[in-house]
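Look for chain A in each of the two complexes below; its partner is chain B in the first and chain C in the second.
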Partner chain A sequence: MARLDIVQLTKQFGGVTAVDAAQFTVNDNEFMCILGPSGCGKSTLLRMVAGFEAPTSGDIRIDGETIAALPANKRPTAMVFQKYTLWPHMTVYDNIAFGLGLRRLSRSVIEQKVKEALELVSLSGYEARYPAQLSGGQQQRVALARAIVLEPKILLLDEPFSSLDAILRVRLREELKRIQRRLKITAIFVTHDQEEALSLADRIAVMSGGRIEQLDAPSTIYSTPSTLFVADFIGTMNLLQATAAGGELRVGDYRLPAPAGLKEGQVTVAIRPEDVVLGGEGTGWRGTVDQVMDLGHYRKIIAQIPGVGDVKIYLSKMPDVSEGAPITLNPQRWLVYQPDAALPLEYRRAGAVEAAV
Partner chain B sequence: MTTAQPTLASDFWSRTRHSFLATVKRDGFGWLALVVLAMVILGPLYSVVLWAFAERWQYPSLVPTQFGLSFWEKTFSRADIAEALPFSIVLSLTVTALSALICLPASYAFARMRFRGRQVLLLSFLATNAFPRFGLYVSIAVIFFRLNLIGTVPGVILIQLVNTLLLMIWIPTSAFQGVDRSLEEAALDVGASPLRVFIQITLPMVMPALSAALLLTFVNTFYEAQGALLVGLPRVVTMPVLMYSLINSQLVVQYGAIISFVLWMPSLLLLLVAQRLLRGGYLTAGFGV
Partner chain C sequence: MTTQTLSPKTDSPRQWRQAAFAYLLVAPPLLLMLLLIFIPALQSIARTLTVDVDGQVGFSFSRYVAFFQDRISVSNLMFTFQVVFLTLATIFVVCFPLALYLRFAQGRLAAAVQILALFPLFVPGIILCYALIRFLGTRGTLETILNVVGVSGYRTPYLKPEAIIIGLVWESIPFTVLVLTAGLRQVNDSLIESARDVGANDWTIFRRIILPLIMRPVLIAFSLNFLGIFGAYTVPYLLGPAAPQMMGVFMQQTFGQYRRPDDAETQAVITFIICSLVGLLYVRTVAKQRIQQENE
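Up next is the complex of A and B:
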């Protein structure tokens, strides 16, 4: 029930810049995911919001008021950790009641709140258990209950389900989403699992090397990644080297229409596997089928196109294609990333082209 | 008949050996440990207990030739023993308390803070145990002599404190290090002040290790004789020191046995207390023991 502003937030550990001038806003009731590879600074960013790390510079504001100077125990945030952090010498009840007790609530109020919190995470009746008597998934649900029972303004979650198995992870993820919707709580969820981020988030902040590369709705991130890093990191993407010249892209021996306003020179063409169809005899890319993987509801095919390289495509229904057979590909939609003068190692999307079918 | 007997006997032995080997195979280490423990602990214990209740014990007999309590009366009617026993208990408690006061905050600092020279300082506590103890004591005694601490209670307390440092620093330090930081952070996160986090989260989790350290320190101090002998005599006499002189001056085995028996009491009592503490519900349940 609050808005969070991250303002030019930077954290350096010695010479390492863990978070580099992060700037974004999490709106009231919004579920924001921070997604990025290991070591990109996700936890550091979250820990600065929680108050466990002091920012090197920048500001953190909740509803417009700075909290950067407050110690962790005075901040209206609550965190669920990646590790199991239930206190082993306390029962489930005491774990959840601990924070409430500090707020000098009456015993009956505390009992009521603990009961509700346990109901919310479907663990009614577990009050008297010790953490060692719970499974990993149950422990993380208690940790979630311990955090939300305090009605924090911002709920922070640092890969809370990453040590659980895949099925449980999906279930808890759905449960978390339901709870967040019901309580209308502002939440930041850190993960390196893109499926988790794509399915949970209202918006995703993709981080790399301490910087936020893109902050958008999941569908936007997927359809138009704004940097080459995001294009490569999210989903499956064919990244092909190409040259831009005369309003055309030269990919090996083949040509594709270039987006408007593209400067000439080396570029990277990014094509989603599902944006490639078979056929197109005249302009199609001819090659051979290298691998066919039947994934149940669709097939993943890796085609070898001489001069272009390997191209992955997804096809739901198709005439039987066997490995080694000739194949002709026809890209329908692609993104072009051009070296950016300001950021020499980075390519930026110069525009998307939808091919006329 | 004559041929059957060896067969039966060998049968018996082969079966015994078989089942013994099976047991050893199944739980080999446990049995080995039990046998070794029994020999190391129960052997001397057995002889001391028997001696403590023996009136007479002549050579070829496996048990005392006459049991009785007359030596107990003689032992405790001695003024030196009646004085040394309570003194020793109070002294050990004092040394343990002082040691805790000095070492526990230090070990918390060692575990939680990163300061220059931390490693070296931590290792320096090993130094007190890395060299022949008596050499260290002699050089300390020389200093104490100049400071007029020889034969005084503070002198004995000081030298016994030196003895406790290693244990009281190293065990609690590793215990504090064993407490995951994020458990403390989680407590801060729900609003607990750092002091409350320490008292309600950190301390209960290191309690088993701390009680073990306190217990061992108390017992070690109670039995410590070298330092007390060197610094305490002639005026300060602890139980173990007294035992030395009794054994050396009067060859009455029963005195030594009875005093040993009595000296075991504190450690047995404390072990029972420790077991109670460890079994007292929350710790064991909490750690899934």
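Up next is the complex of A and C:
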């Protein structure tokens, strides 16, 4: 039960700025994900909160009190690391009890808390095992138990599932969400996996080059990415170069209606694959099917549109489309990014519906 | 009913050829060890356990009884143990901080410290001894410096047990630092950070996390240093007192000066047995490490 304030937090390594004036608040009980590509500064930001990196400038506050000057072992935070963090010479019980022992709790209290923590991560009965006797997923569950048993004000997770296989990752993700909801704990989860972030987070901070590009709810981040970087990084997006003139967008040989308030000049049009439908004879974009990828319950089609380029769309199983066949596409909703505007402009065709896939 | 017998892979001619080639490679050093170490050692042990009375050779512990009844011999053995354990303790007190610094520090100073720590490796023992005599001895460099800064009453450790310990510690630093630093590098940073994260301070991290994780390198450094120090000759002979003596000096004097090869042989076998016990600790530690590495 705590609130975290990151205030103009900056970290420089030599001449390189790893985190550039990050500013945000993680509310009580909130699950925030920091999402970004490798080297964007997300782990450095988390390590500053944990106390493993000293900020160059800025402040970190928990419930209004600064913790920036506190060493890591005095902070009311607990961290789950990427991997290799269980002490191999200690049993599961000793690993979880270690932090409790440092707090000088009685043996009976420690036993009770370890038992509860193991129940929470579904590992009751594993107390006497050593880390080497556990699978990767079990080890990360113990690491999670070791962190939450201390009842930290803020739980920090640094890509804890990145070394696990895809199925286990999804399962542990669901388990983590359940535990966070049950314990009502404030958590920050760092990941480069957008699916992980979209499924876990109450809010996502997308980072690039040390800066926070956008901080919003997952649905907003997906539907209205505020920068071209976020548009390109989150999900699949068709980014097409266009010219805005006379209330229209010229994309290759085709024209699209321009959103209100758009200034004339070179712009980038961003169209989600699910915002493109087949058909629209006469006004549709005509081309050929280049690739068809069957992804289970839907297909991803890459169409080559002369003068426009490759356009990705999602299709349900029907109608049948084969490679090399002619295709006509009809975009229903798009965002327009202008070079000097802070936010994109949206255009939605009248009657356009959300894609079902 | 037919039975099928699958010949194991090791029975294939190729495997046999490979095994034979491997044995051929290790044969020369094994043969040398057998001829120059094991056979003479066994002959010595056998001689110390026999007694010749009027041409009649019989089994006897009399040489060992004589050794342990001789006050000087026992005093020298105890003195050797004292010097060995004090030296080992000093080595770890000096080398642990150095190794920890080299493991966690970065930059030019750490590189300079590493070079300094390895420097004794390139200095022969006899040069070290004379350098220490010039430095620590009466009217040596240290006393001169102390006099210049107004400190009087310097008592030199030269020809005292302390001088042996200083010399042996100096000689052992490079090897110990190398072994400990290599062991510390195996301890992942995240293991230390996760301990700090749950509230451990530096001392607790060292005691509860780092030390148990590098117990094998510590045992290797302990046992190899023990073997080197227990049988040391040059440093105790040149820097140490005339009495009591360490076993290396004692053996040499009994053999060369007092012309009592039988007694020297008994002293050597006793030294050999003590060192073998510590050697077993080393072999056991290394074997465990190899098994663990193979299992990983």
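We adopt the following convention: the second predicted complex is superposed on the first by the 338 of 357 C-alpha atoms of A that agree within 3 Å, B and C clash if a C-alpha of one lies under 4 Å from a C-alpha of the other, contacts with A are read in each partner's own complex, and residues count from 1 in each chain.
We adopt the following convention: a residue touches a chain if its C-beta (ideal position, glycine included) is under 8 Å from a C-beta of that chain, and two chains touch if they have at least 3 such contacts.
Since this is a predicted model, take the numbers as computed values, not measurements.
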item	value
Chain A as common anchor, with chain B and chain C clashing or fitting	clash
Partner chain(s) touched by A:L150 [first = chain B, second = chain C, both, neither]	both
Touched partner set for A:A270, first chain B, second chain C, both or neither	neither
Partner chain in contact with A:A72 - chain B first, chain C second, else both or neither	both
Contacts of A:P131 with chain B and chain C, given as first, second, both or neither	first
Which superposed partner A:L256 touches (first chain B, second chain C, both, neither)	neither
Residues of chain A at both interfaces, chain B in one complex, chain C in the other	50-52, 71-74, 77-79, 81, 83, 85, 87-89, 98-99, 102-103, 143, 146-147, 150
Residues of chain C that touch chain A when the two form their complex	188, 190-191, 193-201, 204, 208-209, 212-213
Residues of chain A that touch chain C when the two form their complex	50-52, 71-74, 77-79, 81-85, 87-89, 98-99, 102-103, 143, 146-147, 150
Residue ranges of chain A touching chain B (in the complex, touch as defined)	50-52, 71-74, 77-79, 81, 83, 85-90, 98-99, 102-103, 130-133, 143, 146-147, 150
Residues of chain B defined as touching chain A within the complex	180, 182-183, 185-194, 196, 200-201, 204-205, 282-283, 285-288
